[in-house]
Structure formats: structure tokens, C-alpha cells
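Heads up, the next two complexes both have chain A, just with different partners, chain B and then chain C.
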Partner chain A sequence: MNKVLKYVFLAIIAVLIATVPLYSGAFITRFLIGVILYAIMAEGWNVIAGYTGYPSFGNVVFFGLGAYVTALCMINFHTPFILSLIFSSIAGALFAIIIGIPILRLKGHYFAIVTLGIGETMMAITFNVPFTGTGAGLSLPLASNPNLFYYVSLIVLVIFIVFLKFILSGRLGYGMIAVREDEDAAKMMGIDTVAVKIKAFAISGFFTAIAGGIYAYWSTFIDPPTVYDPVMSIKMIIMTVFGGAGTLLGPVAGAFIIIFLSDFLSTHFTILHTFFFGGLIVMTAIFLPKGLMDVLSQKGIGWKYFIENIRKHRV
Partner chain B sequence: MFELQIIINGLLLGGLYALMAIGMSLIWGVTNVVNLAHGALIMLGAYTTFWLFKLLHLDPFISLAASFAVLFVFGFLIQKYIINFVIRAKMFITLLLTFGLDILITNVAQTAWTSNFRQTSPSYASNGFSYGIITVPYVRLAAFAISIALVFALYLFLKKTKTGQAIRAVSQDIDAARLMGINVANTFAVTFGIGAGLAGVAGSMIGVLIPITPHMGEILTLKSFVIALIGGLGTIFGPLVGGLFLGLVETFGSFHLGAKYADVIVFGILVATLIIKPTGILGKNNE
Partner chain C sequence: MRKIIAVFVMFLVVGSVALLSACAPKQKAPSVIKFGSAMSLTGKYAREGKFYKDGYLLWEKKINKAGGIKVNGKAYKVKVIIYDDESNPAKSQKLYEKLVTSDKVNFLLGPYSSGITIPDSSIAERYKIPMIEGGGASGKIFSRGYKYIFGTLPAAGNYFKNTIEMLHMMAYTGKNSAKTIEVVHSDSAFDNAVAAGAVRWVKAFGLKLTGVQEYPSGSNDLSSVLTKIKKSNPDVVLVAGHTHDALLFIKQAKENKVNTKLMAFTVGVQAVDFRQSLGNDANYAVGVTPWLASMNFKGAVFGTASEFAKTFKAAYGYAPDYHAASAVAGALAFQSAITKANSLDPKKVRDALASLDLKTMYGEVKFQANGQIAKGQAVIQVQNGKAYAVFPKQIAQKELLYPAPSWDKR
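So, the complex of A and B:
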């Protein structure tokens, strides 16, 4: 009986989430679209960093690429929105494979900084090649129904989470976790670590690019500094780390909480908002390096937990 | 003849690059933290000199000392009270933390000083001497000379002084250093302070050459990393070689391909170095 009740409860919540645009105003819908897009990106970072142990500091490159592919398809070839998103996702995955082959051999700091550099480089290239509209940016047609973005992004997020849950219980998922825990040992056990890393990176690129495509049509205007903003890569990271890297729903919780706080501060305490992201990152790194999900899984939580975290990591 | 001018420009820029990167290389080599807030520290150095010049009419080359002092204290406190707490956490946590500091410092600077372009412009900024068709601006020559001098000063400091020896000991073996009675936490803080101070001096001189904005640091962080990497970690003269190399390549590259591609060139060098020789030009091969 308890189980039935639980499913009924979950079903009600699912229906409530799925029908948000029908009963809430444009403001809340808009806020939730932002949350869902960031949740997709954070989950994308979670795949390559949280599960596979390769902390990319430039995942925004897939977002920007996806945004530009969708924009260029819709402007130049008038392809339908959904088809453009598919092109974006394929471009994101292909790009991840192409850059992944050389850079996924690098470890630690080297991998992190190279990915950071790729984002900056794509921004510089987009500024300079003529068909991307250079620094002036691109304007997309206006969508007839703004609620479309809510449904599309929600469906993508749900597909992503279900897909991730599916691969985590399979060969690839165990391979990713093995690579994260000890790459050499994984190789010795016969895991094709190169293939695992590239597949994980491709999944990450695939979904992050879709988020970029949705963003492009939603905001109707994109330019290089917006869609290749390195701070966006950091937002994906902090959302995942805050929620819990290497957990299925941590990134979603992180995205929701952080965007809620950020929006709240920016409307009510503008000055505090200046310090928000930097301060949040510093606090999370010191007190919550394992994320919210780890805190929730503890029985009886007190100061001891946080002090223990510090004691373990300080010099 | 024109090529000679490019070589001179590249070398003069490269000296300054070396000074900019040596702090990052030192911090990385000793504490194993890649400081993504390095560009922000350079930016703070640039503003320190700018305000001293603007408000007190202090010559930018005199205020270098002030810039070093301010950034040394700032860096010391950051390492001692923030970074030291996460130094043994996962590598990406320290990267994330320093990036958080970068965002924090940049945002505060932007709120306090707006995003307006500013420049430290002493009366002699455009003076120089010419020989044939080659021109050497005094400011760039002075920046180059001071940078090289500071690199050598750092070398002597690390070799000859007690603090310098402590820093080298900690970078080699933390546990053994601790057993010898070295306070590791303070040594880390001093190391970060010196790195930050040198970044501040570099920033002060960069502010005389190019416009200052709160966001100027982003690309400088990346460049510092590339230079530290090309030169090889844990070497003192590595960043000097790396800086001169990057200065030359960038100057040649922007001349032949256009200034817009300067950042792309930097990144190309980064990837090429990592693939061909990840330990850098002067680095040892056993990493």
C-alpha cells in the first residue's frame, strides 16, 4: 500500500510539473525553462566529470556550437525547430569525438585547462569567420508559442535522465565509473578506456548542444560572448558539485536551487548578487565538496560533518 | 628589416609575459594549485598602479613596489584562509575554487570601478629611440628589463634565502619538509603571496601598455598557463623561455594572420605542446 501511495504521489508531481505553463504565469515558466536548460547542461557535465572523472572546464563550447547550428539551420535553410535541434545534437556529439580523441589522453590540470582553452578559441573563431555573423551575432525568427520551449526542454531533460539511468546500469556506465576510480586498473581489467571516455564525452556534447539549440530559438538572439561565456561552464560545474557530482538527480537539484537563489538575489539584493556565484563556489568547495546529495544521505547531520570535510582537505 | 622590428617587439612583450607567468608557475610547482584567479590578480595590480597614478600622480614604475606589496598581502591571505582549506581535495575542486575567486574578484572590481577602459598614461608613454627604421619604446624596454631582473631576483631568493629554501623543500616533499620543522601552511601562503605580488607587478606594467578593464584577466590567465606549461613546471627559467617564445610567436602570428587570431595561436601552441612534449621545453621527462 505504501508503495502504491508513493507512485500516486510521484504521478501527481509529474503531472504538476508537466502542466506548469497551463496554470502559472509567464514569469514562472520562463524561470523554469532556465532551470531546465541549466539542468541539462549540468547533467551533461556530470556525465563526463561526475561519472567519468574528466572535469571539463569548457563544456560551454557544446552549448555555443549547438546554439549556432540551430540558428544557422533555421535562418539559412528554414528547417523546423526540432530538426535543427537534431542537427545541433549531432554536431555536438561529433565535435566531442573529434576534440576528445586528442585531449582525453590528457589528465588532471592539463585536461581541464585545454577544455577551458577550447571554449575561448571557438569564441575567437566564431568572431572571425564570416558565415556566423561574427561579433554582430545572429537573430532568429520569433517562436509563435513561448510555452513550446518549456515542453521541449522538459522532454529533453527527462529523456536524458532516463537514458543516463539506463547506461549507468550497463557496460558503459560501469566502465565510466571504473575509469573515474582508477583508469589504469580499468584498463588492466580489459575495459576499452579510450572508447568509454569518448562515448561519455559524446553524450555530454550531444545533450549540451541541444540545450544550446533550445536557448538560441528561445532567446531569438545569440552572439559569441553570450553563448561561449566561460562563466557558463563554471555554472554547470558549480550546479553539479553543489547538488552532488556523480549522482543522477544532484545536478537537477543544484540547477534549481542555484538559479532560484541567483534570481532572488538579483531582484532583491543587487549588490549581494555581485558576490553570489564567486562566494557560492568558494563556500561549496570548502564546506560541501561532495554536494547536497551526500549531506541528505547522512544520518543525523551536524557541524561535525562540515568540520570533518575541512580537516580532510586542508594542508 | 621589418622582421627585425617584429622580433624586437616580440622579445620585449615576451619578457613581460615571463614575469606574468612566473608567479603561476611558482604556485603550481609548489602547491600543485593551478591558479585560475591569476589573471584577476594581474588586473588588480594594473588597477593599483592606475589609481596611484591617477590620484597621487605616482610614477607607474615607482608604484611597482606598492603593487607588489598589496598583491603579496592579498595573495598571502587568500592562500592562508581559503585555498589551504581545500588543498588536498580533488584536483578540480581547487580549480573550481580559484575560478570562483576569479569571478568574485572580477565582479567586485567591475562594481567598484565599472567596465570603462582605462590606461595608466605617463607623459613619456610614447617616447622611444630609433635606429634606422627600428623603434624601441622606452616603456616597453623598461618593462622588459624589470621583468628579467625580477626573474633573476626570484631565482636568487629561492636559492639563497631561508624562506626560499623552505619553499623549495616543500615543493619537493611536504612530509619531509614538515619533519624538518617547516610550517607548510605558511610556506604555501608565502609562495602564493610572492606569485601574486609578481602578477601584480606584471599587471602594473601591462596597464601602461594596454587598456585596463575588470575582465582583462581572463585571457591572461590562459596565457600564463600556456607559458608555464611551455617552459616546464618546477623550473625557474622555464617561464622566461616560455614567455619569450610566446611573445615572439604571438607577434609574428598577429602580423601575418591578423591580430584577431592572436588568441587562437595561443591555444594552438597549448594543444601542440601538450601533445608533443607535455613536460615543456625545459621540463624533465619523468612526470
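So, the complex of A and C:
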């Protein structure tokens, strides 16, 4: 009975989510497209940082690269949108492999610093290479139907989650978790840690680049400071950690709640919203360091859970 | 199971928000005309964003005090809704979509900066609701063939046109001539457009270009740029950057003893606090501006430029610069177009805007076919701590001081 109920619930949710543009206004649709794009990015960060244990601070580089590849393909070669997205994703994965080979040898904060630098470097390159339009940016045509972006991004997110679930139950998934828990031990057990790390990074780059490509056509204009904005990398991290790093649906929940709160606060408190939002992030880091998904998996929540968290993490 | 329920609850929240927005109480016979804007109130453009916000709100207050706008014999109050876009284009677009679809505003007032205005203009175009923006001057905003975007800042490519023409005239009269020019610009969308235009005008007026230099936006050190200028030693440097960059440029030029006969900046020189923070070093700096409080512009509602400045200062405690004036000019254009169209229909107001010719305290507001205002930039110079118009001749208040003395002789 419980199982039947579960499937009925799931089916209702799926239908409701898939048909959002049909019954809600354009603003809600735009809000959700933003959420889904961030969910894809946060999930991308989750793959390399949450599961593999390599905290990248420059994942926005894939987003920017994807945005530029899609924009350049659509402007210069008039390729269809979906085909451009495929080019973007391939570019994202290839770029991850190329930079991953040298930098995935670094560990901990050394890796974090290098990834931060790569984002900035790509921004500087884009600023100075003539065919990217330099600082003047690129304008894309106006899409005839804005709901297109909702369906495309939703399909990409669903594919990503299903793909990740599949990966996690296989050799690669266990390899990633082994690398996160103890890389040396994993190597001793015969896991090709280099290959595992590069594959994880490539998956991360592949999907983040698609999000960038969707953004480019959706917003109709991109320039380097917007699509290589380091704040986006930080947001991916906040969302994933808020929802629960190393959980399948944590980043999605994190993206939804963080964007919902941020938008809600900023429309109701025009100036003070940054204060409330910052305070909220601090509070969750103190009381829920393991994220929302961890809270949901607890049986019975009380003060004990929060106090235990504070004690364990020695705040 | 818990997770499934959690997801379901989450979805119910979205659903209810969606429903609420869909069935929001329809306003019965609205006697209010709603204007909406997403302005940069926090983030890197917070400083300029405040000028626009204050300008829009001052206009709102003034109009409502005078009884509102009359359409078809009925007086409408005015309401301006302003949100914070955090200086982020994606957020700005989202807020404009909200303004149009859930706040149901009648008309849109623009955001600040070209990089944010370009994507936002596509929202105005998609919903066919006219937007007048006073904060983006890049030609890219107006080159996409959009019908519903209007701008009150002169075209970016023409920012230095009058400055270069002035230099050309000096060369013509023979004395104190300036022959060589170097262009420096930040890598932002807007400054790229300004620099490209400046290079074009330098060539068109037959002056010599010694080089074009680009620096990263928000840079905290311009000494490498200045070293190169010292080497190429031009008579004139034209700098396209934001206020922060202009301040830094002058400070570091003094430190590095870079003496050029004239330094001109796109943004900064117009502002009072710019001159205050530099003190004596601000003297001789040249700027361009579409508006100064001392210019002889005059129009309905706010009277002359200086009367507007007085009203503004009384309301907010600081003197307005061209940002605020440009914002108010856009709002005045809407007011006049609504009256002229005698309707709140977006299409009719849009057509009225296209053929508008309005005298305001910001000068003549008349839009070109692409939507951008047909207006030039006056050249101004700081003399004894005050900014004066020096070119074109018709509005000049003082003679240009040229060449500027070297830093050690000031």
C-alpha cells in the first residue's frame, strides 16, 4: 500500500512539474528556469566536490564556456539551439579533461585555489580574444517561445539525475566515493584514481556547460563578467552544502530553497535583504552543516540534533 | 518516503505561489498608472543605482502632488515600483518579468548599465511594453531592431565626439594645439563602445592616435597603463571607465608624474563627490556630460535645470548629476507621451514616444528611429573645484584651460 501511494505521489509530482508553463504565469516559469539551471550547476559541483571530494571553486568556468560556445555557434553558424547545446556540453567535458589532467593531482585547498584561478583566466582570455566579442559581449536572437527553456532545462536536469543515479550504483560511483574518503587507500585497492577523478570532473563540466548554453539563449545577451562571475561558483557551493553535499537530490532542494528565499527577501526588503540572507547562510552553516537531506533522513528531529551538530563541529 | 513527502511539500509551495499569482485580485478600474524598474541598489552599481531610484521617486512624488496624469479626462495617480537587481543581469530580467506579469505595470523604466539593459530590453520587446532607460548608452541596446526600447543617454560612440571636435578646432586656430591622442578604456561593454567611437572620431577629425589601451573593469592599479602613456607621451588622454577608474587614474597619474596637456573622462568629473575626494588634483580634468545643473535647459514640471537640482537636493540632501536628470527625463517623456496618446495602451504610448519632441530640464528629449535620444555631450572642465561647460560654444560658461600645468607646478 505504502509503495502504491509512493508511486501515485511521484506520478502526480512529475505531471505537475512537467506542465508548469501551462498553468502558471511567465514569472513563475522564469523563476523555475533559474532554479533548474542552478540545480544543474549545483549537481555538477556535487559530482566533483560532494562525491569525489575535490572542492572546485571555479566551476563557473564550464558555465561561461558553454554559454560562449552556444552563442558563437548560433550567431556565426546558425546552428539550431539543441545542436549548439550538444557542442557546448562536449566543449565543457573536453575542457574539464584537459585542465583536469594537471590540476586533479593537487589536493585540498591547493586544488581549490587553482580552480579559482582558472575561472579568472578564462574570463581574461574571453575579454581579449576578438571572435568572442571581447568586453562588448554577444547578442543572441530572441527565442519565439520562452517556455522552450523550461522544458529543455528540465529534461537536462532529469537526465543528469538519472545518469548520476546510474553512475553511483556502478564502479565509477564507488570509485568516486572511495577517492573522497581516502584517496591513498583507494589507490592501494587497485582503483585508477586518476581516471575516476577526471571522469567525475568531465561529467561536472559536461552538464554545467549545458546550463551555460541554455542561459545564453535565454538571456539573449552574454558578456564575460556575467557568465564567468565567480559569485556563481560560490552560489553552487552554498546551494549544494545547504541541500546536502554528496546526496542525489540535495543540490536540487538547495537551489530551489536558496533562490526562493533570496528572491522573496529581495522583493520584500529592497536594501536589507542581503543582511537577512547572509544571516540565514551563517545559521545553516552552524546548525545544519550536513545539509537539509541529512535532517530529512533523521528519525525525529529535536534540539538534540542541532546541539549534537554544534558539538561535533566545535563551533 | 520522508524525502518523497518533502519534495511533495516543496512542490505544493511552488504550486500555491503560482496559483496565488495567477488569481491575484484583479484591480477594478485602476486609477493608478504603474511604472516598474529593477535598479541596482546593492552590488557594484549601487552608487549609480541610487541616483536613478531617487530620480524616479522624486518624479512620482512631484506628479502625484500636482494631481497625477490625465487620460481621457480622468486623473490617474502614479506609482513607481522599484526592485533591487543586485547589479546582476539574470536577476534583473527576472524582476522585469515579474513587474510585467505579476505586478502588471503599465510601463517600464530602465535599469542601470549597458550590460544589464541589453538583456532587459528583450523583456520589453517580448511583452510589447515600452521601456525608457536612462542608464545604458551602448549602441548594442538599439541595434537589434527592437521597437519598445528608448534611451535618454547619448550614444556611447559619440561620448567623446564633442571633445575631439573641440581639440580639432584648437588645432585649426593654431595656438595651443593638441595633435596626439591616446585612448584608454575598461573592458566593459559600454566602455568598449565609447572607445571604438572615440577612435573613429579621432580619425575623422584628422588627429593622430598614439594608441588604445584596455584595462580590466574594477582594476585597482592602473600604473601599467600610465607607464605606457608616459612612453608614448600623447598631448591628450581620453579615458572611458567608471567613476572609480577616473579617480584612480588621476591619483596614479600624479604619483607617476604623468603629465599630459589634457585628460578627459567619460564618468566622474560631473559628480560633486569626485571633485571633493580629489581636491586640487581634480582641477583641469575634462569630462563629458549630457547635463549640468548650470545648463540653460528648461521644461514643464521641474522648471529649469538649476531649479530641478534645488528640488532634488532639498529632497535627498545631495546634488543630482546627469544620472538622476536622465532618469527624470525618461519619466517625463512617458508622462508627455501618455498625455499625447491620451491612452494607457502600450502600443499607442510607444508610437507617441517615437514622435515625441519634448523640452525638459534635461534638454530636448527626442528619440531617433532606433530609440536612442538625439542629444550630444557637452564638454566640461573642473576649474577651481567647480565644473563648467567649455564646449560647444553656445553653452560654454568658461574658456578651456589648456594645456594643464604639470603636477609639480600646481
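Operating definition for what follows: the second predicted complex is superposed on the first by the 307 of 315 C-alpha atoms of A that agree within 3 Å, B and C clash if a C-alpha of one lies under 4 Å from a C-alpha of the other, contacts with A are read in each partner's own complex, and residues count from 1 in each chain.
Here, a contact is a pair of C-beta atoms (placed from the backbone, for glycine too) under 8 Å apart; a residue touches a chain by one contact, two chains touch by 3 or more.
Remember, it's a predicted structure, so these values are computed and weren't measured experimentally.
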{"item": "First, second, both or neither for A:49, with chain B first and chain C second", "value": "first"}
{"item": "Touched partner set for A:237, first chain B, second chain C, both or neither", "value": "first"}
{"item": "First (chain B), second (chain C), both or neither touched by A:296", "value": "second"}
{"item": "Touching partner for A:27 - first (chain B), second (chain C), both, neither", "value": "second"}
{"item": "Chain B versus chain C as contact partner of A:274, first or second or both or neither", "value": "both"}
{"item": "Touching partner for A:282 - first (chain B), second (chain C), both, neither", "value": "first"}
{"item": "Partner chain(s) touched by A:310 [first = chain B, second = chain C, both, neither]", "value": "first"}
{"item": "Partner chain in contact with A:127 - chain B first, chain C second, else both or neither", "value": "both"}
{"item": "Residues of chain A at both interfaces, chain B in one complex, chain C in the other", "value": "124, 127-128, 271, 274"}
{"item": "Complex interface listing, chain C residues touching chain A", "value": "1-8, 10-11, 13-15, 17-19, 21-22, 41-42, 82-84, 86, 88-91, 93-95, 97-98, 100-102, 115, 118-119, 122, 125-126, 138, 140, 143-144, 186-189, 191-193, 214, 216-217"}
{"item": "Complex interface listing, chain A residues touching chain B", "value": "49, 55, 57, 102-103, 106, 108-110, 112-114, 116-118, 120-121, 124-125, 127-128, 230-231, 234, 237-238, 241, 271, 274-275, 277-282, 285-286, 289, 310, 312-315"}
{"item": "Of chain B, residues touching chain A in the complex", "value": "28, 34, 36, 82, 84-97, 99-105, 107-108, 110-111, 184-185, 188, 218-219, 222, 225-226, 229, 260-261, 263-264, 266-267, 270-271, 274-275, 278"}
{"item": "Residue ranges of chain A in contact with chain C within the complex", "value": "2, 6, 9-10, 12-13, 16-17, 20, 23-28, 30-32, 34, 124, 127-128, 134-137, 139, 142, 146, 215, 219-221, 223-226, 229, 249, 253, 256-257, 260, 263, 266-267, 270-271, 273-274, 293, 296-297"}
